[in-house]
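In the part that follows, the structures are each spelled out as structure tokens.
Consider the two complexes below, in which chain A is the common component and chain B and chain C are the respective partners.
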Partner chain A sequence: MANSKLYKGSLSTIILKLLDEQGKMYGYEITQKVKELTKGELKITEGALYPALHKLEAEGLLDVEVAKVDNRLRKYYKLTEQGEKETVNRLAELEEFIRNMQQLVNPKWNIQ
Partner chain B sequence: MKLSRQQINFIEDYLIKNKVKFWDVRIELLDHVATEIEDRIQQGQTFDDALKEIHQAFGNKMRSKKLNKNRTEWIFNESIYADNSGYKKLIMEKQKELNRGFRKSLFTNLLMVFKNPLFWLIYGIVGFSLFQSIQHATNVDFIKKIIFLSLFIIPAIQMAIPFLFCFKGSRHSLYLNLLTTSSLMLMNIPNIMLYWWERPSPWVYVFLYTTLAPILIAQTLMIIQHSKKYKQFYLKWKRAS
Partner chain C sequence: MKLSHEQVDLIARYLESKGLFQFDIKYEVLDHMTLSIENAMSTKNMKFVDAFDEEQIKWKEELGPFQSWWLGDRIKGPKIVLVSYIRSIKRIYLKTLFTSLAVFTVAYLFLKALSFDQASFLPLVGVIYLFILVSMLVAYFGMNRQGVKTISASLFRYTMGYYGIWLLVFNPVFTKLYWIYQNDQFIATFLFIHIFLLCFSFNFIGLFMGHAKVLKINRKL
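For the complex of A and B:
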């Protein structure tokens, strides 16, 4: 996607959704999963990913786990109980937003 | 292809040289850089080229310039150590989020303190005794000394709490650094008082007691909670390493 500003507001919701599906993930894995799901169209930059993860962690929506992988340590993120509830709310908000944007951009077309 | 111990150490040194000095920030970046390098090597890239590209992907530049000693000409530096603005920004963002979390936690603890009847009882008795002593000019100097000293001692105890909980893991941690910063700021209040007033009125001390006592209690509780949380994370890290 040429204009990365378009997804920045939804980045935390994307992260929450992925963690809800995958259980636990580490930073680099999240970037690769997004790239894979969008066939390379959407690339999350490292400079945007980590501040978003740290924000969600500070808000109490994410918990961390440390595991030894190969010859280094890996920090995994997973949803807290509060994070699971918040994911549902934020996804509903995002779907509503997409629906409204569709109405504005292409009033004849509807995703429902 | 998996990276060797030597290559991992090289990446860690590279991060330290780029001023990622806090271990709790570095472990995550080290794993990210190492995993991405492994992926890129798999795709045919060399270790050095992969590291250069990842360095830039984090928002760092490969080139920097500064004036020479005589300020007559520019000296150009082109390497992975030339600029660390991306990492600096990332650490600042994390710092901002941690501070926000601590403020939220302080506010929650403050509410908890205010909801506690025992706090109001002790606070009221001490406050009333202070008021009476100053009103009748008894032990005023003693009271002033006690309040003045407690403004030094309580923040000093707060700063010592994280070290008591997790002494070995307390060095170079961004989390603990920020957790104790607010106590350090509170310790400066007596200095500010002495700077502003040569001989502060006893009522200034009463004002300080009434406003700062709940904050100091809430802050101490907050520091204990977060020190415990940090210790858990540190032990997880220690067990895994």
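For the complex of A and C:
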């Protein structure tokens, strides 16, 4: 991950946001989508992704669905009802964080 | 470009050579690696062998050996599996501790208020412990017979050993430890220990159900 320490705390929020938009996704799809949206700037490593996904699943924020594709199994993740509520909370928190950082670091920045 | 059945099998055997036998994590990693290799072969025009080598480097840390004091020296394996164990074990112990404290507080005050003789309960506690031990052994052999390894089954086996020993050590049917000390402090300590052990037993139901859930997924293959 580019500047991994800056992004580390936001990974679960990124995952929740993507699943909120896309409905259901599998692990590899999530890494590719993030890479596509950030034009290759942000690459989620396998070591960061799967522990985050499993933790969110254990917390009850994600549900899983397993499908057979090309003679192997694929695990899809989707938000639970609790996950949908938590996504809203975390996005609001992240927005607040960005605003505060903007004030602290450079009030001239304007993040739309 | 889709990989052949033999190529996917090769990846699966590689994962097993790294100690990744637990079906619930293995199929997810296998799918990810397969897709990543297929992508590398299509977009970078790589041969399977080179793409597979590249993928192995990406997964080196997650599939590399790992140890933690949470699991002791006995448990070794790939990081991705052990991190999953540690997360589950922490959750199990913390949940049990908080539940036990809550139940202990209520039980202690209740028994004190009624001036109940706890010693009269002990034979029943001893029988319950024996029932739990037998049930755990039946569940353990049942899970083993199915031949599918899962995170839940591994955790069940790992935790059962230590828990079984505590059930025997503190079983009032076998030990007369309780009878030696009759002061309030020791009675409270033993009451907490019994409540903790009883609360802990419920985790095995969760682990057994977790294993059963993965078995259902395995049948899709």
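Note that the second predicted complex is superposed on the first by the 109 of 112 C-alpha atoms of A that agree within 3 Å, B and C clash if a C-alpha of one lies under 4 Å from a C-alpha of the other, contacts with A are read in each partner's own complex, and residues count from 1 in each chain.
Here is the rule we go by: contacts are C-beta pairs under 8 Å (C-beta built on N, C-alpha and C of every residue); 3 or more make two chains touch, one makes a residue touch a chain.
Keep in mind that what you see is a predicted model, and the values were worked out from it rather than measured.
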* Side-by-side fit of chain B and chain C on chain A, or clash -> clash
* To do: May I ask you to decide whether A:Arg72 touches chain B, chain C, both, or neither, giving the answer as first, second, both or neither?
  => both
* First (chain B), second (chain C), both or neither: which does A:Lys55 touch? -> both
* Touched partner set for A:Met101, first chain B, second chain C, both or neither -> neither
* Structure fact -> Contacts of chain A common to chain B and chain C in the A-superposed view 26-28, 32, 45-47, 50-51, 54-55, 58, 66-75
* To do: Could you please specify the touching residues of chain C with respect to chain A in the complex?
  => 2, 5, 8, 25, 27-32, 34-36, 39, 58-59, 61-62, 79-80, 83-84, 87-88, 91, 217, 220-221
* chain A to chain C touching residues, read off their complex -> 26-28, 32, 45-47, 50-51, 54-55, 58, 66-75
* Structure fact -> Note: in the complex, chain B contacts chain A through residues 2-5, 8, 27-28, 30-32, 34-36, 39, 57-59, 86, 89-90, 93-94, 97-98, 100-101, 233, 236-237, 240-241
* **chain B contact footprint on chain A (complex, rising order)** => 26-28, 32, 45-47, 50-51, 54-55, 57-60, 64-75
